[in-house]
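Pasting the structures here.
In what comes next, chain A is part of two complexes: it sits with chain B in the first one and with chain C in the second one.
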Partner chain A sequence: MKNTNSPIVDDLVRMIEGNDKVTVKTLMVQHSPIYVIYIASICNVNKIQEFIVKPLLDLNLEKSKETPVIQQLPLDHVVKVGQSDQMMRNILNGFTLLIENGNFYVVNTTKFSIRQVQEPVTEVTLRGARDGFIESMEQNISMLRMHLRTNDLTFQEFTIGQKAFTNVSVAYLKNEANPELVQEVIKRVENIQSDYISDGGVVEQLIENNPHSLFPEVHETERPTKVSNSLVEGRVAIFVDGSPSVIIAPATLNALFHSTDDYNFKWIPASMIRILRYFAAFISVILPAVYISLISFHHGLIPTDLAMSISKTREGVPIPSFMEALLMELTIEVLREAGVRLPKPIGPAVSIVGAIVLGEAAVTAGIVSPLMVIVVAFSAICSFTVADYALSLALRTLRFFLLLSAAVLGIYGLILAVFLLSIHLTRFRSFNIPYLEPYAPYYHKRWKDSLIRFKFKKRGGQSE
Partner chain B sequence: MRNKVMIAVLILFLLTGCWDSREIEDIGIIMGIGLEKSEEGNVEMVNQYVVPSQIPSAHGGDSNKIPFQNISLSGDTLFQIIRNNSFESNRPPNYTHLKTILFSSSLLKSERADELIDLFMRDHEFRRTTPVFITEESVNDVFSTQPTKELFPAIQIKALSENAGRNFFIPENLSIGDMSKYISENKSFLLPGLKLEEGKILSDGAGIISSDTFQFLGWVDKSKMGGVRFILNDIKGGYINFSKEEISDGPLVLELKGSNTTYEVNVEDGKVIMHLRIEATTSLGEDWGNYRTHFREGWKEEIEEASNSRIEKSILEVIKLAQEEYKTDFLNLSNWIRIYQPDFWSQNKKNWNQVFAEMEVTVEAKTTITDFGTQNLK
Partner chain C sequence: MSDLKQLTSLQFIVVFVSTMIGVGIILMPRPLANEVDTPDIWFSIICGALIVGACAMIIVQLVSRYPGHTFFELSPLICGRYLGFLLNICYILYTLLVAAYILRVTAGIIKNYLLDTTPLFVVIGSFIIVSTYLISNGVGDVVRFFQLYFPIMMFMFIALGLLSLKDVDINELRPVFGEGIVPPLMGANVTFFSFLGFEFLLIFSKTFSKQKAKSLRIWMWASIGVTALIYMVFMALTVGILGIAELKQITFPTVEMAKSIEFQGFFFERFELIFLFGWIITAFTSFSAYYFAMWKGVNQTFRIHAKPLVWIVAALILGVSLYPSGLTEVFEYATYVNYAACVAIIGFPTLLLILSFVRRQNYAE
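Presenting the complex of A and B:
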């Protein structure tokens, strides 16, 4: 092999030559070598053969005196690059590197194996677009562009990760997003110092401000329409290559409760369902705790008939009510986790059969009281209505905290725990946006899309 | 800042005081309390405990089980008795679901009501809304009567007044809070009465508690309760029944839809003259006089007139009972003297029962029939 003028190129060629998965082709054009370097498994080899190698070999020599040979190739986009680590990255991204006279050019010949576009499994909607993000960032961005056609849409690309790099792209609408917010997101993404980023969930945790909080600081979604809606509202989205989850920042508690369905149906029934969802989340967190505090501290607060029937059903239950509640909660959580881990066809069957059979048998055996089964099962079902899985996880963890406080100090303890929770939530911020906005701080103009989604304006604007 | 918050929260946890968790099945829910004179001469207290396992369940089961247990003990104070219940029962009594407090009239003849209810007012577990009753029967017998529809006699007793809005011969329940109010205002009052008949608990008039000693004075018969409730302006409904002899082409019933009593109080030469004006709205509830001529002028006025005199009579009967037989104002008329003649009241409130006995009361009733039902047979 003939040496080039630049020693960097020699190093690069030598480095690549050691790796037999990398294809290095040397073509002699006009008596000087052109190197074509690519990784065959992630490149469209046909494209390379047809649009690079073949034209180079057939090249008409006279025509190519003035401009570099490579610029005359019938390719859509040839980029001249400088540094050698950038070259390496380009090759790893599936680009083809061309070297001519010590100048480096890259051509997009990417062909990673990707999955078909499918409906996201975790976020189900009844109406509206059914496409879901896949593992290719390029495809994801194309999906977003399909739903959001505006020249405001801006992307800023980053590569993060020390040992192996991951492409990350920050998307926002120039005229909608607050520049400070965009700066903050970009700063946090740039500051990530990690060896390897495996998924959006890792990025999410690395850009969070308060890793001790249970509540998600950002919103994670697999739905392009959700991203487009958020961008229009002025939020910022972070795409991570290789991950179908796109991160939306900032997140507020209010926004986490919303589902895209809320916007696709008429406003009165949609608002009713939204209120129902808030209510169910509240029940799911607080019901077991209230039940425990009522039956082990404040017997006078239960209606007499109910008190007597609870007393009757608890007769002969050997364990204290708190342990009983804990036992049932743990059972439900185990069943839920098992349902997620088990292979698809048998997962639901096992969890449903497990819940019914275990609950029924536990009551018959006299280990738990039937009312406790009702309370725990209902609060578990209520938690399924929460649209965001990360929030649902947070609420499930909180339930145990409230249960414990109620078991120690009754309603008083429960109220103390709710106080603590409120203190945390009012202080909590997601990218400098108060988490409880628009309730605390109180922005009544933003209440139009909170508990109730008001009807859309017919003359422009989101909702009135 | 953060530390201050943490300290504040910690203090909240430490300020809980005496606080204990107790499982609901381990407490003895008390449904009713009965108070009676014991054979030794002190107080006998009956506590009606719920026995949860004996409560018949929804899907059949043995309905012959008795879902309650009465523990009857005597002692000097109620507190002593309650604690001594532990000799017999392992479940600490819990009074948050208390439905009924029942006094026997014999006990209230010798003990003061204000002393007896001290515990109920003082202890935090008792509710001020618990109704109070009085009976001539043995309290133990009343609490052992198993009612047909309700599970517990204590609940049955409380529920008797549920129809007090349809029948003015049943007194409204008197809560222990109201009772304490009358006592602290130094007023006589009426306790709803009960009796046992053929193994059933029946509402039966009311017992008078005197303001002098807060002891039982005597009974107001249930037939007189209508008059009492007209005077108290407590009528929500009821009926006025006329027999064949009382009205031409009878029997006939007027249903009371509502009634309002207005009071007028004058003082002349140191003598109180009170005028009660009753305006009753009624509907024709049932009329056996199918051949009554409705085209005859004045047929309606005749009935109204009969009703007026009936109401007036029933009120004067009660006033007479209060003024002459018991010489005590259990009708709360002092309230209207206080409102309309405050000067006179402040001079005479010390010897009010005496003034009351000499006071002149006049009554004027005005009945209107506004509804006549759907159809007349002829």
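Presenting the complex of A and C:
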């Protein structure tokens, strides 16, 4: 690249030297040079040619000399910038840098290659909007704006990352969100000291207060409607450029159990399904542990007929019931992981082969008892009803903890483990909001959208 | 120290009912049946509740003169440093005794019904460890935990009450006041101790420091009322199902009552498990309240706040609770615990209140 006779431009060029994808154009307008700098692969080159280069070349010389030439270009938004690191950032964001008389302007000419809007794979709903976030923050924000049209919606932009930067945007409704919460979120986002942020999941872990807890401290979603609902409730959303998952803070256990479907169907069936989901989650965590404690400690508590048939089925099983349960649980986990990793067309096949063939064969071979297979399989199916994947991961891990405590101290150990778990949850706070709100502490006014979702009010307000 | 806003009336009642209902619901029937010997033992609970309410009013009076002060803070304020220190030590010993007593009885019942071969110290130790986790972070967690489990506990009790209704023989409850009103009145000296826990007005005082004495009085009566109602229902049920004569023989009549429930064709036959689960919650909440009170006392009396020291308190409780060699011996010691309770929850507050009047102290502003 040739020398441009301008020290600042030379500096910039040196910064991007060796990077031959950066285009530097020098145009002589009114006998002074105007530099146009951009990265062709992430810019809309046609736009640059049409609205920057061409007008500059045919510029009418009689035009007033007071306003800078660049401000006269037929562009929507021209921003003046100062420092050189900001310039560099703008260029990397797909902006075009224009230099005239030592003044720097940036123009949005971004054109990253992005994926089409699709329905999110991980969060399936039966009714309601089917759009899902994609990897472009700009597109994501536009999707949110489509679902949430209010001038209350406020965005605060940040760039984080030391080696490579990532754009992060904190969104909230000015009149709904608690200012303290917004401050806290912004503080935590600003405090991130990381070389590189690859995804929303990394941001999520870096702004958490309890890295050792199993439970997710924030909500992660790919659905714009979920974000808009949360913002209306006064939560704060964090958009991360390059990531389709948007982080919602704070999370409470109650909110993690909700699905957008709950609001789209009539309140009685929707509430029934919600209760079912809570119940299923509870069963999925506790059932194997209850079974183990009954089998290995409290035969007396099992109804007599059932105890007889259980002992018949366990006849010839060579391993203790705890090991048996552990074995089956591990098998289920392996199958689940394999199902996730495998290509889509053969994923279900493996699950079916694994679940039916392995289970059936293991029973026939006398390695495990059929009842154990029922217990483990049912609890695994129950765990699929949990709407939030991070929560379902937590519950899956907890199942092993409960299993272990039931194996050591029976029902008593199980009760103590459940106490321990609930103590942890009562202590746990997500952005200073108690995790078990509105159950502990009691917030009566918010019970209307907890276990049961009450019907919507016809006149004003969300629900009564 | 976790933060906590002021309790609402509902939360207050929840906390105090959780604290008061404890081992009493399982242990009370037998001594009560022996003392009263008529089916009117439910009436003794009303009498007990009235006496307890009167004692609670003394404490409310004291608390409202020193809002936000715990017992351990206000006793040096009222009686001076040395006497206050002595009172505090006595109070700490009292909480230690009661905590150890609750723990030992709980462990005894668990060993009896759930884990007959597990060593006692394992049962007790694991209970203490979980409780330590609860109390180590301050009053806020304790209160939230109580709130979380209160509905579950109530559900268990109501479910059990309804299920056992079928087996009640109403004739066992008759005649009402057949031997006059005096024997059930005498039973009040047994029922009184089943309400232990109301004295934590003096420990949880930070959580209602802004409340007026009047609302505290109403809330306290409401809590005692709810507790008394639950006790009464269960006493009536146990008498109705087992009969007063049998009640005198059985160590844990309430569990036996739950055991006797039978529903043919229903998958789950053993209802004592449901009862035991509900009851372990109440035992845990009562124990944690006493443990918390003791830890708080040690904190404020010796002015130490290092969290690891909570394990010394835990070890003390463990040691005392392992001291008696059997449950029979525990019941013998129970008499001494009751004497200590009388001194600690009637004697101390009355003394402090009188001294406070004499010295014309009032921090209510």
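Here, the second predicted complex is superposed on the first by the 452 of 464 C-alpha atoms of A that agree within 3 Å, B and C clash if a C-alpha of one lies under 4 Å from a C-alpha of the other, contacts with A are read in each partner's own complex, and residues count from 1 in each chain.
Here is the rule we use: contacts are C-beta pairs under 8 Å (C-beta built on N, C-alpha and C of every residue); 3 or more make two chains touch, one makes a residue touch a chain.
Computed from a predicted model, the values in this text were never measured in an experiment.
Novice: Chain B versus chain C on the shared chain A, clash or fit?
Specialist: clash
Novice: Give one of first, second, both or neither to describe whether A:409 is in contact with chain B, with chain C, with both, or with none.
Specialist: Touch status of A:409: both partners.
Novice: State whether A:299 touches chain B only (first), chain C only (second), both chains, or neither.
Specialist: After superposition on chain A, A:299 lies in contact with chain B alone.
Novice: Given the touch rule stated above, what does A:439 touch, chain B (first), chain C (second), both, or neither?
Specialist: Only chain C is touched by A:439; chain B is not.
Novice: Quick one: classify A:311 as touching chain B (first), chain C (second), both or neither.
Specialist: A:311 contacts chain B only, not chain C.
Novice: Classify the contacts of A:321 with the two partner chains as first (chain B alone), second (chain C alone), both, or neither.
Specialist: After superposing on A, A:321 lies in contact with chain B but is clear of chain C.
Novice: Where does A:422 make contact in the superposed view: on chain B (first), on chain C (second), on both, or on neither?
Specialist: The answer is second: A:422 touches chain C but not chain B.
Novice: Choose the clashing stretch of chain C with respect to chain B from the list 1-9, 37-45, 73-81 or 127-135.
Specialist: Only one listed stretch clashes with chain B, namely 127-135.
Novice: Which residues form the common part of the chain A surface touched by chain B and by chain C?
Specialist: After superposing on chain A, chain A residues 297, 300, 302, 304, 409-410, 412-413, 416, 419-420, 423 contact both chain B and chain C.
Novice: Considering only the defined contacts, which chain C positions touch chain A in the complex?
Specialist: Answer in residue numbers: 2, 5, 8, 10-11, 14, 110, 114-115, 118, 122-123, 126-127, 130, 133-134, 137, 141, 143-145, 147-149, 267-270, 273, 277, 280, 284.
Novice: Under the stated contact criterion, what part of chain A meets chain B in this complex?
Specialist: For this pair, the touching residues of chain A are 295-297, 299-300, 302, 304, 307-312, 314-317, 320-322, 407, 409-410, 412-413, 416, 419-420, 423.
Novice: Which residues of chain A touch chain C once you look at their complex with the stated criterion?
Specialist: Those residues of chain A that touch chain C are 297-298, 300-304, 306, 409-413, 415-416, 419-420, 422-424, 426-427, 434, 436, 439-442, 444.
Novice: Which chain B residues qualify as touching chain A in the complex?
Specialist: 5, 9, 12-13, 16, 19, 21-25, 27, 29, 50, 52-53, 55, 57, 94, 96-97, 99, 125, 127, 155
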